[in-house]
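Just below sit the structures, each encoded as structure tokens.
One chain, chain A, links the two complexes that follow: it is found with chain B in the first and with chain C in the second.
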Partner chain A sequence: MSDTSFSREYLQRRSFIELSARDRAKCLFDSGTERELAGSFDRIESPWLPMQDVTPQADDGCIVMRGTIKGRQAVVIAIAGAFQGGSIGEVSGAKLTAALDLACLDNEKGIPTSAVLLLETGGVRLQEANLGLAAVAEIISSIVALRQHAPVIAVIAGTVGCFGGMSMAAGVSSYVVMTREGRLGLNGPEVIEQESGVEEFDASDRTLIWSIAGGQQRYDQGLSDVLVDDDADKMAKTIQELIAKGVPAVHRSEQVDLYRSRVAALDPSRQWDPEELHSWASKKKEKNL
Partner chain B sequence: MSEFTGIRGRAWFKALTGQESSIQGDPPSVLTTDALIGDDKGRFLCVVPDPGGRFPCARRGEVGLEEAYTLAARVREVTNADKDGKKRPIIAIVDLKSQAYGRREEIAGIHLAAAAAADAYATARFAGHPIVALIVGQAISGGFLTHGYQANRLLAFDDDGVLIHAMHKEAAARVTRRTVAQLDKLAETVPPLSYDVRDYAKLGLLYKLLQVANPQNPGASDISLVRGELIAAIQDARKGSRDLRTRLDSEGARSARKASRLARARLEEQWKEQAFTTASSY
Partner chain C sequence: MKACWRKIVEQFEFNYPAKRKVPKKSHVGVVGSGDLEVLLEPAEGPEAAVRIRTSAEGFKTTWRAVLDRFFSQYDGAARIEINDAGATPGSVLLRLQQAVEASER
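Presenting the complex of A and B:
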């Protein structure tokens, strides 16, 4: 862990997570190469929110930007955690899937194109329930298709975290990049408390929450590839390096036997200290890029 | 109706395969077997409750860590075995409560376990395996994403005991700050909110709704009907594309998913335009 908490460098950094979704996406590109697609001016809004007296947003909380990163073609898809908790609705889901599919087609045509997903999302938008869930299934499928050709990089930076079905989208990605502020898990704390009781999970215990799903823990247990400071320049550099690295020899979600045997070795008769799972992080990885 | 029991999954697994056991070494909550379906030997998979399961939050028909990794392993086993030969059909019988909601599950990264299963199914589909999900009971949220939702073709029974949704009704009402009655009222005009499988069918995601006389305790005619529909769906999947485009191009989707189609069309248009301007600026 880099102990820069009060250094000049830390104080002068440009925060990544304080940027809007649009600016987060923008700061990853070679300056001036990026262009937003199906943006606010296209006004493709959720048809379902107004029916429920919820104000829709002209970009449905999903920013798609295309350009080059260190001269390489890339598409960045940023979910805006500020709109409906970054939830995946019909339109935001369709934009995500379509962008991944177009990148896949370009790769098939011989134009290498990577994808970066900036995930600030609680998962399916419950006001669009079944269409959100269907969209998540399609997003997962499109990531699996694209990652054969080019890396798909999931970034979980902000405090909304990445939960629900979208944690599975992160799970099938080539690389997972997190900050200490970010969280990754299938079920949010409130949902677990509600479904399994407060003895199982106390959703008001913030230390517990971050000790389980926080970026530091996910990195320490080998479920995240890179831990980055909340710094826009460092984030951009991390993305450049991962794109240059290309498609991993084997994706984490393909390592079924390894993880299955790890789960088999766990003792479920008691609750665990999350640190016990640090043994999963087999080798030293690139830390604090 | 709303009380989940998980009886149907087992009943249909047995009806279609004559088996009801797990592969040795697998948890009893995942039934796996190869059985004849038409001229093919298909791989059948089903998640069932196991009150004696190791993980306390995954004993009532939830998809937990062991279930998800077992599904992933049993699907990958098939894709590896058929690598150079005919791709056998995979049939996911779906009757599951949800994903497992537990602290241990989160610590051990259940999101990755669920991703591994979805990955295995999607990879099998892209390799050319026809995958059919047969929804005989409940198909909820992350559980359904893990087991079934990556299929080429979705079949569901036209029956009140079938429930396909992003969240259980009571929880969804709470999270969206509504009463269950308000939610039911809204669902009458907002089909994606509905808990009725007939409304789900209108979204264009299903391949077919099946009329079955006794979904809990199927008789010979029910079994033969479902078998025939599975064979037809497998054949159709073999002819069709390996991605999930049919869910967006179906007749139902053309009206229910208009906004998805518009977003996609607009993005395609602008992607092409941009490629053109970039190329011409050199």
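Presenting the complex of A and C:
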């Protein structure tokens, strides 16, 4: 960033992405209404990690909180990106699914309950292989069930980003909120480099990575609905507004023809640079083509 | 490199004498590279008990030294669980102090 004219507002803000996963979840609720479900002291941890010489975490890196946001019932699920890259294992996946399903049940009982997913995740936890894959499938179907009743909001704020199976979970959500620091993609940069070579994608080139998968590009492409500054108060306000907005008329993932036609129109036989991709995609977004 | 999948995380326990009750439980930290999580809660007996699980092998004497130092200052009857991902002794001490601070706030 060459812009050094930071405003006072920017300097005095309370960063959202510097908060721990637990504090990120907490700061979205009406103060004092939140309570944690299946927390650290319940010690529901991964049984698979210690067998592979990896220390488990008491909450398996998944924090579930229930409370009200502007008086409306909501559940916030925060993934701790610092623990195993925020990967989804059997336990963290089950916590996520159970939280979404409970919210769905409440909606069916006539208690409108929204869900907010704070995603800092590389996707499936490789140490838990098929169990992680199964968990991601469950999460996606639970989101699809819940989103008929209430908005499911995916927030991708931190630099870990959201990749792999969990990028699909973000894709089926009602709204995707990103910061410029966040990144969203199906395959992570290292995976692309490993599979297609460094000429295809250089995973050490941070500028390249953020200019392709970063929040600004994803917002301009229409793959993210809201671009927010890294500011806890602004983030909380954005979530309140999206919950008030309710379920969108059409979910992004229902617009199969639109997105399929975009993919079809993109010529992958040559290398696109990020700026060219940006202007191409934002024109498409503008005209809804 | 540890090739055998059967190898499990190293675990040990230490006990220290205690004089007073711990007001409430607290949780700090994350099991991220070079960091650790501490779960601190009131123990039933008149003793403090520490259980450590760590992915860094062969540091038992270092752990004992760090805890000896910590318990020379702290006399709470706490049950402490540490899940460690290779934190340095300095980080361990800071996290322990942070957990105590949170439990007495």
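The rule is simple: the second predicted complex is superposed on the first by the 268 of 289 C-alpha atoms of A that agree within 3 Å, B and C clash if a C-alpha of one lies under 4 Å from a C-alpha of the other, contacts with A are read in each partner's own complex, and residues count from 1 in each chain.
Here is the rule we use: a contact is a pair of C-beta atoms (placed from the backbone, for glycine too) under 8 Å apart; a residue touches a chain by one contact, two chains touch by 3 or more.
The model shown is predicted, which means the values in this text are computed figures rather than measured ones.
J.: Let me test your reading of the model: by the given contact rule, A:Gln271 touches which partner, first (chain B), second (chain C), both or neither?
T.: first
J.: On chain A, which partner's contacts cover more residues, chain B's or chain C's?
T.: Counted on chain A, the partner with more touching residues turns out to be B.
J.: Using the touch definition from the top, say if A:Ser253 reaches chain B (first), chain C (second), both or neither.
T.: First partner only, chain B.
J.: For A:Leu117 in the superposed arrangement: first (chain B), second (chain C), both or neither?
T.: It touches nothing on chain B or chain C.
J.: After the superposition on A, what does A:Ser40 contact: first (chain B), second (chain C), both or neither?
T.: The second partner, chain C, only.
J.: Is A:Ile77 contacted by the first partner chain B, the second partner chain C, both or neither?
T.: It touches nothing on chain B or chain C.
J.: Which of the two partners, first being chain B and second being chain C, lies in contact with A:Met235: first, second, both, or neither?
T.: A:Met235 sits against neither chain B nor chain C.
J.: Once chain A of both complexes is superposed, is A:Val177 in touch with chain B (first), chain C (second), both, or neither?
T.: Neither partner.
J.: Is A:Met51 contacted by the first partner chain B, the second partner chain C, both or neither?
T.: Once the two structures are laid over each other on A, A:Met51 reaches both partners.
J.: Of the two partner chains, chain B (first) and chain C (second), which one does A:Ala145 touch, if any: first, second, both, or neither?
T.: first
J.: Quick check on the output: what are the common chain A residues between the chain B footprint and the chain C footprint?
T.: Shared contact residues on chain A (touching chain B in one complex, chain C in the other): 51-52.
J.: Contact residues on chain A for chain B in the complex?
T.: Chain A residues touching chain B: 35, 37-38, 42, 44-48, 51-52, 60, 64, 66, 90-91, 93-95, 97-99, 101-102, 124, 126-138, 140-142, 144-145, 164-165, 167-172, 184-187, 191-192, 194-196, 200-201, 212-213, 218, 221, 223, 251-257, 259-260, 262-264, 266, 268, 271-272, 274, 277.
J.: Name, in rising order, each residue of chain B that touches chain A in their complex.
T.: That would be residues 54-57, 65-66, 69-70, 72-73, 76, 98-99, 101-116, 118-120, 122-123, 125-126, 141-142, 144-146, 149-150, 164-167, 171-172, 174-176, 186, 189-194, 200, 203, 205, 243-244, 247-248, 256-264, 266-268, 270-271, 274 of chain B.
J.: Flag every residue of chain C that touches chain A in the complex, lowest number first.
T.: Listed in rising order, the residues are 2, 5-9, 25, 27, 30-33, 35, 37, 39, 41, 53-55, 81, 83-85.
J.: So in the complex, the part of chain A that touches chain C is made up of which residues?
T.: For this pair, the touching residues of chain A are 20-21, 39-41, 49-58, 61, 80, 82-84.
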